[in-house]
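What follows is chain A paired twice: with chain B in the first complex and chain C in the second.
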Partner chain A sequence: MRESLVIFRRELKSYFYSPIAYVFGVLFLGVLLYHSVELLTNGVQANMQGFFLMLPYVLLFFLPVLTMRLWAEERKLGTIELLMTFPVRVSQLVAGKFLAALVFLAFLLLLTLGLPLTMHAFGGIDWPPVLGMYLASLLFAGSFVAVGMFFSSLTRDQIVASLSSIVTLFVLHRIGEPATIELANAWMPAMLVDLLSGISPHRYFLSIARGVLDTRDLLYFACFCGFFLYCNALVLQHRRQKG
Partner chain B sequence: MIEVDRLQKTYGFAQALKGISFSVRKGEVVGFLGPNGAGKSTTMKILTGYLLPSGGRASVDGLDVVDESLAVRRRIGYLPESTPLYGEMRVDDYLLFCAEIRGVPRDRRRSAIARAVELCGLPRVVGKNIVELSKGYRQRVGLAQAIVHEPPVLILDEPTSGLDPNQIVEVRKLIERLGEEHTVVLSTHYLQEVEKSCSRVIVVHQGEIVADGTREQLIARQPAGGLVARVRGPEAAVLAQCGELLPGCPVTVLERGSDANVYRVEVGGAKAPVEEAFARLVVRNGWDLIELQRERPSLEDVFRALTLGNEAEVARA
Partner chain C sequence: MTSPNPSPAIRSSLAAQRGAVAALALHVVLLVLVLGQIVYLGSRFHRRFDLTADRLSTVSGSTRTIVDKLDKRLVVEAYFSPKDKLPVNLRQTREVLDNFLDELVQIGKGKVVVQRFDPNEDKAISDRCTRIGVQPLDLRSQSSTSLSVDRHWQGLRFVYGGQKQKVVPQVAPGHWFLAEVQLTPAIKEVATEQKRKLGFMEWPATAVGQQSPGGIGWNMLRTHEQIQKRFEFQNFKDEDGALLPDDLDTLFLFRPKDLTDRQKYVLDQFLLRGGTLVVFADAAEYAIGPNRLFTKLPLALDAAGSERRFTDQLAAYGVDWKPKVLADMATQAHTPRDRLSQPFEYLAVPQMTPFGQQMSSVFYPYFFHAVAADWAGSAEQLATRDGKVDKAIAEAYRREFKAGMPTDDFLLKVFKQIGRGPGFYWPTWVGLRERAPGVPDLPAGVSGRVVLWSSPAVLAEDPPQSLDPLGRGDARARVASLQKFQQRLMERFQSEPRQQAPLMVDVRGTFPSFFAGAPRPKRPSEIKEEAGRAEAKAAGEEEPDAAETPPDAMGPPPPKAKEAGDEAAPPAAEAEPLQQALRPGRIVMIGDSDFVRDDLVRGDHRQGGGPWSSLGPVFFAQLLDWLAEDQDLLELQSRVPVDRKLKFVDGDPVAAGDPRLAEQALRAKTTWLRTLNVVVPIGLLALFGLAVLLVRRAQKRSFLTSLAG
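And now, the complex of A and B:
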């Protein structure tokens, strides 16, 4: 636990040491807010719906850029050799890095609070669902980080890492989309459709986004992240063997 | 302190270590010598827990490097090859991170970092970002990182590669100082490094240990070199006389001077002591013997003989 926290602190600081975090933050927030405000000005009802529906797509294309360096860069610079020879378990390394990325994203999401606050000032806003949406967004982002980090552990090439995570996340996202499910239902057995769409974080994001906080949805995100983080640790452990 | 027993490592189809065994006693400074790709780094990576061996065992301080990896890693300070560092961090932040992750207790961290900074000559750069430092300073940061938790064992993979001659001397002095308190294993392909700072040398070649011993022991294994003499006398006569009276010892002229010539006498095939025979010969002919000395084989000769494979003697010392 202590070791994970040490890794976590160094990682989190590293986001702010490097210009990547600032460029990423500005672009991420810029794109997200621009589209949400555009939706609002086009006469849609003043709520956060547009913002939260926009979010998965922005995460889909931006997050892999943030996560691609997590392991690939360590391997390229050779610092992985330091990390792996510190008296720390691989699981603690993975946990520390994951948490740092999650906290950084939480920080970015907090910066978007200006939007609901503005709405609040101008005419009131129903806060409980909005807060639920924020939670859903964070969990959703966490699942993307787990996937991105896993792909980063597979290669020392950051471009390969980001492209493969974008493709994977895109597929995962698409199979959970209501339109896709409807389409698939026409020719696939219902069970198979259920199984496939059941893997997709999108489905659970929409479920929490509807405003109902179901423990099953939370459990899903825990399992999803756990699975990819476990695979991540396996890859690193395997590399000790292979050399 | 370190026990290695028939250690093997295979990368895919390539066998990097073919079952090497050696042991290092507490307080020794051991130099790992070998051409690139001999298996030096692989051995160090296994000792530090970065890689798992494919066969055999290794232990540090009585703890197995596979079964008790975390405990072993706590006892080791490691400087990987080419000194990877987090460039964006400040030197003091980086050392603090290393101290924390190595489990140095909170109340001792400040003094541990101060000690490492002092020993490695870093006081002037502690507030700088690592990326701004010169290669020599980066190397010292790498060393400071390795000693910050005061480990009993230091493993340094090519600590002086890529440094300029002045920096090499500085880092070497530093290693000598560290050797007073730590057991040190360092790898290198610079021979002078081993000659200067190591009490023992292990020569590795193609995944096997081809020699293990002190510098003197290794040199003693090398057949004696020739005899070098500066003689004042007619060149043709000297050569002729030597050819006649010292059979099996071909003589060549190394250097022609205005006054005296330098000759080299091969002693390989001689039975009697060649120095005396040669001296008598010179005196009998009334020439002047100005200088006479035996060529001492250097560690370099030993290294070349062991790793170029042109010598039959590849037995273990």
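And now, the complex of A and C:
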């Protein structure tokens, strides 16, 4: 645990010391907020759903940029060998990096609180579902980070890592969308469509985003992240054993 | 080049690599299996927490109460097509439905069983569906090469105790609470032994320029599917004035007028036997024709020849009905709930705007609603004249003025949530009888309360001949007419003292008879019969036999035929008049009947600019449960999301002054808020980054300096 915390601190510092992270943050917030301020219209219901429904799409294209460097850069710079010599388990390394990325994202999401606060000031907002939606967004972002980290561990090329993440996340996201399910129904066996749409984080995100916290949705996100993080650790372990 | 026969070391290395890959693959497979198992177990034993303040995704207390009350087993037969064959939209509703049924089984604790059938799989099941009334949904399905019609099923049958059943032919709720709103009343209906019987008498409004020769009544609400499921309305308006049956406990009077003494007697006896009288009253009847000229039509409360006034009768029970028309000058009271999208709730006129012709609401305080505000708090503002507060008057106002909705009854729960009551149209004053202002003067054994109050800015007047604010003519003439209308009301408002008008009253107790000590008014048939007898007597004929008395369809059993030799016995008549109440009765009187009348509920006048009773049906539904003191469905009906509209400007921006300036101010504020919400977080992040960069640079410099030193 202590080792994970050390890695976590080191990674988190690297985010805040890196200008790229700020550029990422400014762009992420800019795109997200610019398209969400339409919610601030006199006479409409104070509701953050529009913001949270757009968030997955912004995360889809921005998160891989953040996660692509997590392992690929270490490999490119040769620091991964150094990391592997640390007296820590691979799982602790993975956990530390994952948590740091998540905390950085939480920090960025925190900066969007101005929107619900404004709504609260001018209309009175229902806070518990909003907080639930923030939690859902964090879990959703976590699942994307886990996927991005996994692809970053597979290659030393950051662009490849980023593109593979984007494609995978895009597919994962789309298969949970009603329109895609409708389309897939035409040529795929129904059971397979059901299975695939069941894998998509999209539907679980929507479930939490409507204001209901279900242990099934939380468990799904935990399992989804766990699966990709475990695979990530397996890849690194394999590499460490190979020397 | 690889050697055809690798050395044992290489072979061992390759085997090790293959082993490692196999181990990796095994790991992943095992992981998927374990996670799959966890997810499966998690879905079997799960908990959900509804975070919304309105609990819109949770089974309400109503459903719980109804399920708790089940004393027999409720079998829910779900005739569902397989989920994976449904189109996406229906699939989402299926998820909602499945969740709801799961929850129902959980809270049913064994009393609720869900049985699922797939009508697509078995012809016998689809035949059964057709037989019991579950309806298929035929949807066209189109692909690049074919066009087909797919038959989907999503209906339910509730079977209670193996006997009573209720079929919901199709159900596709888009949200949890919609599932509950649809299905819980169905469960209640199947589990309730019988419908509640309600009586009514109506005097329909005169239809002007419309195809309703019988006048405009209130059939729409009475015959609404959801209401009819639970209540049975029966018309008791009998021309012969028969007494009301003993098993009737609630009687509605829709716009009573032309009341004969006999009808008043019938109502009196009904109350004395413990009945509940609900009156939707109007002081005047105004025509809403195609031109909406709002001209007064003749209306008399008492029939010609009636010796007793209906208002006196009500006063005898403790109800004070002043047949005046009210206008509420408070802006909150006469502004439509959604003045932008539904200005026709009250009165609107078409207006040309840059976006084309749109409806725009106009000042018309004769259509208004009670506001959920404590008016005592506005005493100082109302006591201000020429910029100075008259403290004595303010103090008096503080004592005198009441909250617009002073009770916590569930009747008003949903309205308190939205901050206003249902819209009333040319309402009238119905309050408690008072011996002095604010001091009720109720008969012994009677208690009462006012349920709805207007604002303290109400004006009361005898119904004028016309209440048309616009008149006829071109646009300019109409504007001038409106200004004149507004000015006239403003002048009255300035000169008349502030007062609050009661709009709804609830009185209950052991009422004294309005006809105590007086002979009971005779039925028209009796009068006719007596006249006949008198004529016959005069002609020297014998009296007709009582057995020939025409049978009475509504009232008590007709007098029995006299036995032979029983000539001395008096003719059998209806029950002796009650002088004192047998049981406590109740009067609920609402100072408006228009809010439930068909054309307003249906929205016939929306195209022309209103009025439209948008909240009337909700109030009526609540009223029925409130009268029945049936709280089972209370929470279900109160499940309306809280209104959380964003208001960037206080009050009514348009009414406050120049609409263009108000619009500009609103736009400026909106832009400012939006900009702030984009720029501030980004700016904060950039500043934070800059600060970190500077600190790092300073640290680096000092480190280098220390090295150099």
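Note that the second predicted complex is superposed on the first by the 224 of 243 C-alpha atoms of A that agree within 3 Å, B and C clash if a C-alpha of one lies under 4 Å from a C-alpha of the other, contacts with A are read in each partner's own complex, and residues count from 1 in each chain.
Please note the rule applied: a residue touches a chain if its C-beta (ideal position, glycine included) is under 8 Å from a C-beta of that chain, and two chains touch if they have at least 3 such contacts.
Because the structure is a prediction, the values reported are computed rather than measured.
Of the two partner chains placed by the overlay, only chain B lies in contact with A:F86; chain C stays clear of it. Of the two partner chains, chain C is the only one touched by A:D194; chain B is not. In the superposition on chain A, A:I7 contacts chain B only, with no contact to chain C. When the shared chain is aligned, chain B comes close enough to touch A:G78, but chain C does not. In the superposed model, A:C223 lies in contact with chain C only, and not with chain B. In the superposed three-chain model, the partner touching more residues of chain A is C, compared with the other of chain B and chain C.
By the touch criterion defined above, A:Q241 lies against chain B and chain C together after alignment on the C-alpha atoms of chain A.
In the superposition on chain A, A:L60 contacts neither chain B nor chain C. Applying the stated contact rule after C-alpha superposition, one finds that A:A209 touches neither chain B nor chain C. Touch criterion not met for A:V145: it reaches neither chain B nor chain C. Touched by chain B in one complex and by chain C in the other are residues 17, 241 of chain A. Of all residues in chain C, those touching chain A in their complex are 20, 24, 27-28, 31-32, 35, 38-39, 42-43, 46-54, 56-57, 82-85, 87-89, 91-92, 143, 340, 642-649, 666, 669-670, 673-674, 676-678, 680-682, 684-686, 688-689, 692-693, 696. Interface of chain A with chain C (complex): residues 16-17, 19, 22, 25-26, 29-30, 33-34, 37-38, 40-47, 108, 111-112, 114-115, 118-119, 122-126, 128-129, 131-132, 178-179, 181-182, 185-186, 190-191, 193-194, 210-216, 219-220, 223, 226-227, 230-231, 234, 238, 241.
Chain A contributes residues 2-3, 6-7, 10, 13-14, 17-18, 77-82, 84-89, 240-243 to its touches with chain B in the complex. Per the touch definition, chain B reaches chain A in the complex via residues 9, 11, 16, 42, 45, 48-52, 70-71, 73-74, 76, 78, 80-82, 84-89, 93, 97-98, 100-103, 145.
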